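There are structures below to look over.
Common to both upcoming complexes is chain A, partnered first by chain B, then by chain C.
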Partner chain A sequence: MESFITELLTLLFAALRSATPVLAVVLGEAMTQRSGVINLGVEGQMLLGAMTGFAVASVTGDPWLGVLAACGAGTALSMVHATLVLGCGANQIASGVAVLILGGGLSAYYGIPFVGDKIDTLGNLNQTFVSDIPLLGQFLGPITPTVLITLLAIPAISIFLFRTRLGLRWRSTGESQDITRNLGHNPVPYQLAAIAFGGLMSGFAGAALAVDYTANWVEGMTAGRGLVAVGLVIVARWNPWYALPAALLFGASEALNLKLQSWGVDISPYLLATLPYLIPLSVLMLSYRGLRASGGGMPAGLRVVFQSAR
Partner chain B sequence: MTTITQPFVRFGLRLLGGPTGAVLVMTATFVVAALAFFAINGRESIPLFQEMVMGAFGDSYSFSETLVKTAPILLTALAVALPARLGLISVGGEGQLYLGALFGTGAVLAAVDQPGWLLMPLMLAGAMAGGALWGVIPGLLKTRLGVNETISTLLLNYVGVLLVSFVVHGPWKNPNSLGWPATIEFPEGAILPQFFDTRVHMGLVFGVVAAIVLHILVTRSRWGLGLQVSRSNPRVGATAGISYERNVLIVMAVGGLLAGLAGIAEASVIQNRLQDGLASGYGMTGFLVAWLAGQHFLRIIPLSVLMGGLLASADSLQLYAQLPKASADILQALLFIIVLAVASLWARRREA
Partner chain C sequence: MKKAIRTLLATSILAASLPVAAETKVGFIYVGPKTDYGYNYAQDQGRLYLEEHLDDVETVYFENIPENADVQRVMERMVRSGVEVVFPTSYGYLDHALKVAEKYPEVHFAHSGGLKTSDNLMTYFAEIDQAMYLSGVAAGLTTETNQLGFIAAHPIPQVLRNINAFTRGARSVNPDVTTSVIWTSSWSDPTKEAEAAEALISDGADVLTGHVDSPINYVQVAERRGVYSVGYHADASQFAPEGWLVGAVWNWGPMMVDIVNSAQDGTWKSEHLRGDLLTGAARLSDFGSAVSEEDQQTVLDRQQAIMDEEFRVWAGPVVAQDGTVLVAEGDVMTLEETEKMDFLVEGVEGRLK
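== the complex of A and B ==
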């Protein structure tokens, strides 16, 4: 029994670590969508963030500089989406795919010299007092800084969104641009900030993956995490608090995949690797049923995006 | 003097304001952007650009390679454009292509001893079924549960690629391939016909015929009209006996089927076997081409040739100028961004 609980807790904390990059994207994308803009380019922004973060960490030897650079890269790339959507009035889905391809291409192109480099990691809580806590210490020890930062972002975003005047306007922009305009507020700065914040978080997510979690750069290494995150935003009902369990879904499926392999389960690793896509997709299906009944907190301004093709 | 030139100037301005002007601005901006991209990376832009054009259309060999790349782009672009007729944004061409290759290969392996006249139709039927399946699933999710098709198709792409990896590393792996993850070579009877001693294959014919047939169906048939009604107002359509749900399934299935054909053509003609990395990226390129063409079936044909040229020249530049393969992705994305920006700005100006 005790070993079962230990095993379960190990799995949970492994899930938390592998969920962190996805969680960061879910939080950022939820904020973007709250302003009435959807950005599928987060996948590309995440890749560019991962590559830039890893490259900077490798060249300067300072992983924290890498994290900062990754945030910058993600934000910069998200401005392409902002220009197309807010500046030119282009279709948001198409623009997102363009950013996705651009981010994938840029990271593959400029990442070539850094493949196989070794970098210093950000460390973890093992060196601190936390690992001395009885019983829980062994689980809390391997937690890394990006996990903590991402977890702290949840209450911060929640307070901003639901407890400040600015957050109220942010949300109202997503519900109806017309009404926002009639109230004398220009929606564009809010949407610009929302896209930039999504860019920042996806860049950070890239660093969380490449600099912190794997300490490695491989072309296309995000493997759809950004796109899974866009789906999980719906599961999370655009609510930062629900983002954690939603992202843990991905983390748990990935941790389960690795765990089953280490247990020597006789299933092909390629089939097991479909779990992190199929499980979120299944939950998304269940989630949509509720969404249909109640509206489920979807920003009304987003419906327009989802319903127009061109 | 001014009175003589004035009509010309006015005509020129009107031309610039219309679609011709938009295309001119797009082309010019793209050429500048491509030259800038080469220059930023320390390359001699203009010779490299010339070499790119030559690498795509310079001689009969390079043009044949361009057409080889055109086929999957054309088919996957149709797989995007047809659902778009109903207002759906499917990005599932990649996964459908892989599923087509998977099911088509399954048929080949199951009937490997059969004569060509039986094997070939079985293979094509398998490919179409596989692709259609990967189109119908997001279609069903959309109609039954309302799941956004863009997200489900994107996620299913990854699953499709992994399923192919599964079979070529596992049950279908050729035991004599010395550890290389691939199926056995396709028998003679399962290789699609090719033309003029090049690698240009039947897939291109399938694509062109499908584009023309779809164009006629959508613009001239009752069903096509029904799609239009369904798209603009599903409820009105329903009162006229047009089922939106059924149309969603049809367009997703037919789109998937076409992408599936692209997949089996790649496996059969280009690779001669099913293996990892079958055709990475064609699905995304197809998505892009469908948008560049404004989801217009006939315009997709020349644009697929152009984009095939870009990919073919990227291959040759990789060989001769050591330009990384990713540069093709970057150039595609730049083109897409420019076209989206210019088209949206022009559309907005027309409204104003």
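== the complex of A and C ==
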């Protein structure tokens, strides 16, 4: 029994580790989409954040400076999307894809001199009081700072969005720009802030990967996790609280894929590799039965983006 | 008449300005970034060695070329720009290279790791599984839990050879050892590799190795979790000052020089050129401090036996996972058989497909 609980906890914390970068992106992208803007470029912003964070950590020797630089890089790249979409009225889908490719290319090119560098990590909770907690200590100890920061972002975002006046206007911008204007508010600053916040979170997610978790920079290292996060926003129904189970679902299926192999379970590794996509997709399909009319929580303003894209 | 003289003059000036002895242009194509600190990095080190050691050679390279029709276009572009020797360095380029080679019979192609040749296409590779076997010996002598972990990308023969050689090496000195394999289904996915390493360690493995693009990810996790690691492709000892045992690394340079020389002086042969520990194309890295002097000597003795051809990694009995004897005692697998390997040996835990 105890070994079963231990295995379960091992899996849970492995899921949390895998889920963290995805969770950060889901939170940021949900906020962006709440203002009526979709940004498919988050994957590119993650990559630029990962590379910049790793490079700064390598050059300065301070991984925390790396995290900050990653947030800055993600935000800066998201401003390309903002300029195209808000400034030039460009198609959001096309602009997002452009940002995605731009981030991939820029990070690959400027990351070349840093490949194979060794950086200091952010450390973890070992040697703090949590590692002395019986049973849980061995799991809480290895938790790293980016995991904690991402988890704390959930209530912070939730309070902002649902409990403040600014959050209300943010949401109303996403529901209807016309109504926001009629109320005497300009929607553009909200959308700009929303894109920037999405950029910040994806840059941070890049740092979580490159500076914190793997302490390594490899071209294209996000391996599609940014795009997965855009999909998970739908599973999370644009709600920061639901973002946690949605991202954990992905993290758990990814961890389970590897864990089942390590346990020697007799299932084809090819089938297991589909788990991280199959499970969230199934949950999405099941949870959306009967929700079709309401759009599953999709901001009404966002629907316009897809209708105009037709 | 005046015009004709002027034309003649202009032509002769143009001809005089052309270099007398043209440089040989050599083109390289990589499936990933040349800075991956792994497979492509090792091939690119070979390219740099070539530039350094042959004066009349100029190299060009293309990175991140997928294993589809794209690579044919890249090869055609190279040939049209004057490249005379092409190195398509990825396994999946072979059939595309054969097609382009047929179209341009005057150009030489050297494919890395393939098992087909044509008049102007040869293949080169190195039996790095010998070095993997020796790394396995070091792992088998070091492990305390008798569980080794192997993080593998795709079940192709080259990877299976390494998993099997590593396991056979470990079991040759410690018959209780088993190797757990996790497939990541990707040559490069740092997060997955790190998570696979975590999974293997939490299930009891205390020596990790792998065959993915770069050893850095699993080596760093192993070091953080206080277990040992064995590298592959490139020396990653700086990432694991405590736990680094040893690693299997490439050294393509000298072999590439031979290939380009043979194309230049007409001694080119359409063959499967294979290097090994003896030729130095595949070698064992330096040992880490975690391997005792005595164990180092055991590994080096075995290395000497391989180089002297007294000992062969693929000498029978070779026993499959399910206990079937695939190669009887006294028989040895041929190079062609090992390069088509499609099984896992006794002592490996994990499924092939």
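To be clear about the criterion, the second predicted complex is superposed on the first by the 291 of 310 C-alpha atoms of A that agree within 3 Å, B and C clash if a C-alpha of one lies under 4 Å from a C-alpha of the other, contacts with A are read in each partner's own complex, and residues count from 1 in each chain.
Simple rule for what comes next: a residue touches a chain if its C-beta (ideal position, glycine included) is under 8 Å from a C-beta of that chain, and two chains touch if they have at least 3 such contacts.
None of the values given here were measured: they were computed from a predicted structure.
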| Would chain B and chain C fit next to each other on chain A once aligned, or clash? | clash
| Does the superposition put A:227 against chain B (first), chain C (second), both, or neither? | first
| request: For A:8, select first, second, both or neither according to whether it touches chain B, chain C, the two together, or no partner. | output: neither
| task | Quick one: classify A:118 as touching chain B (first), chain C (second), both or neither. | result | second
| query | Looking at the overlay, what does A:40 touch: chain B (first), chain C (second), both, or neither? | reply | first
| query | Now for A:268: first (chain B), second (chain C), both, or neither, which partner does it touch? | reply | both
| request: Based on the superposed arrangement, let me know which partner A:278 touches: chain B (first), chain C (second), both, or neither? | output: first
| said: Quick check for you: in the superposed arrangement, does A:216 touch first (chain B), second (chain C), both or neither? | reply: second
| message | Tell me which touches more residues of chain A here: chain C or chain B. | response | B
| said: Let me test your reading of the model: by the given contact rule, A:108 touches which partner, first (chain B), second (chain C), both or neither? | reply: both
| field | Contacts on chain A seen with chain B and repeated with chain C across the two complexes | value | 108, 112, 219, 223, 268, 270, 273
| chain A-touching residues of chain B, taken from the complex the two chains share | 84, 86-89, 91, 141, 145-148, 150-152, 154-159, 162-163, 165-166, 169-170, 231, 284, 287-288, 291, 294-295, 324-330, 332-334, 336-337, 340-341, 343-345, 347-348
| said: Taking the touch rule as given, give the residues of chain C at its contact with chain A in the complex, in rising order. | reply: 32-33, 35-37, 41, 64, 149, 155, 180-186, 188-196, 198-200, 202-203, 213-214, 216-217, 220, 224, 238-239, 349-351, 353
| note | In the complex, chain A touches chain C at residues 10, 14, 17-18, 21, 108, 111-112, 115-116, 118, 121, 209, 213-216, 218-221, 223, 225, 254-255, 258-259, 261-264, 266-270, 273
| Which of the residues in chain A end up touching chain B in this complex? | 40, 80, 83-84, 87-91, 93-95, 97-99, 101-102, 104-106, 108-109, 112, 219, 223-224, 227-228, 230-231, 234, 268, 270-271, 273-274, 277-278, 280-281, 284-285, 288-289, 291-292, 306-310
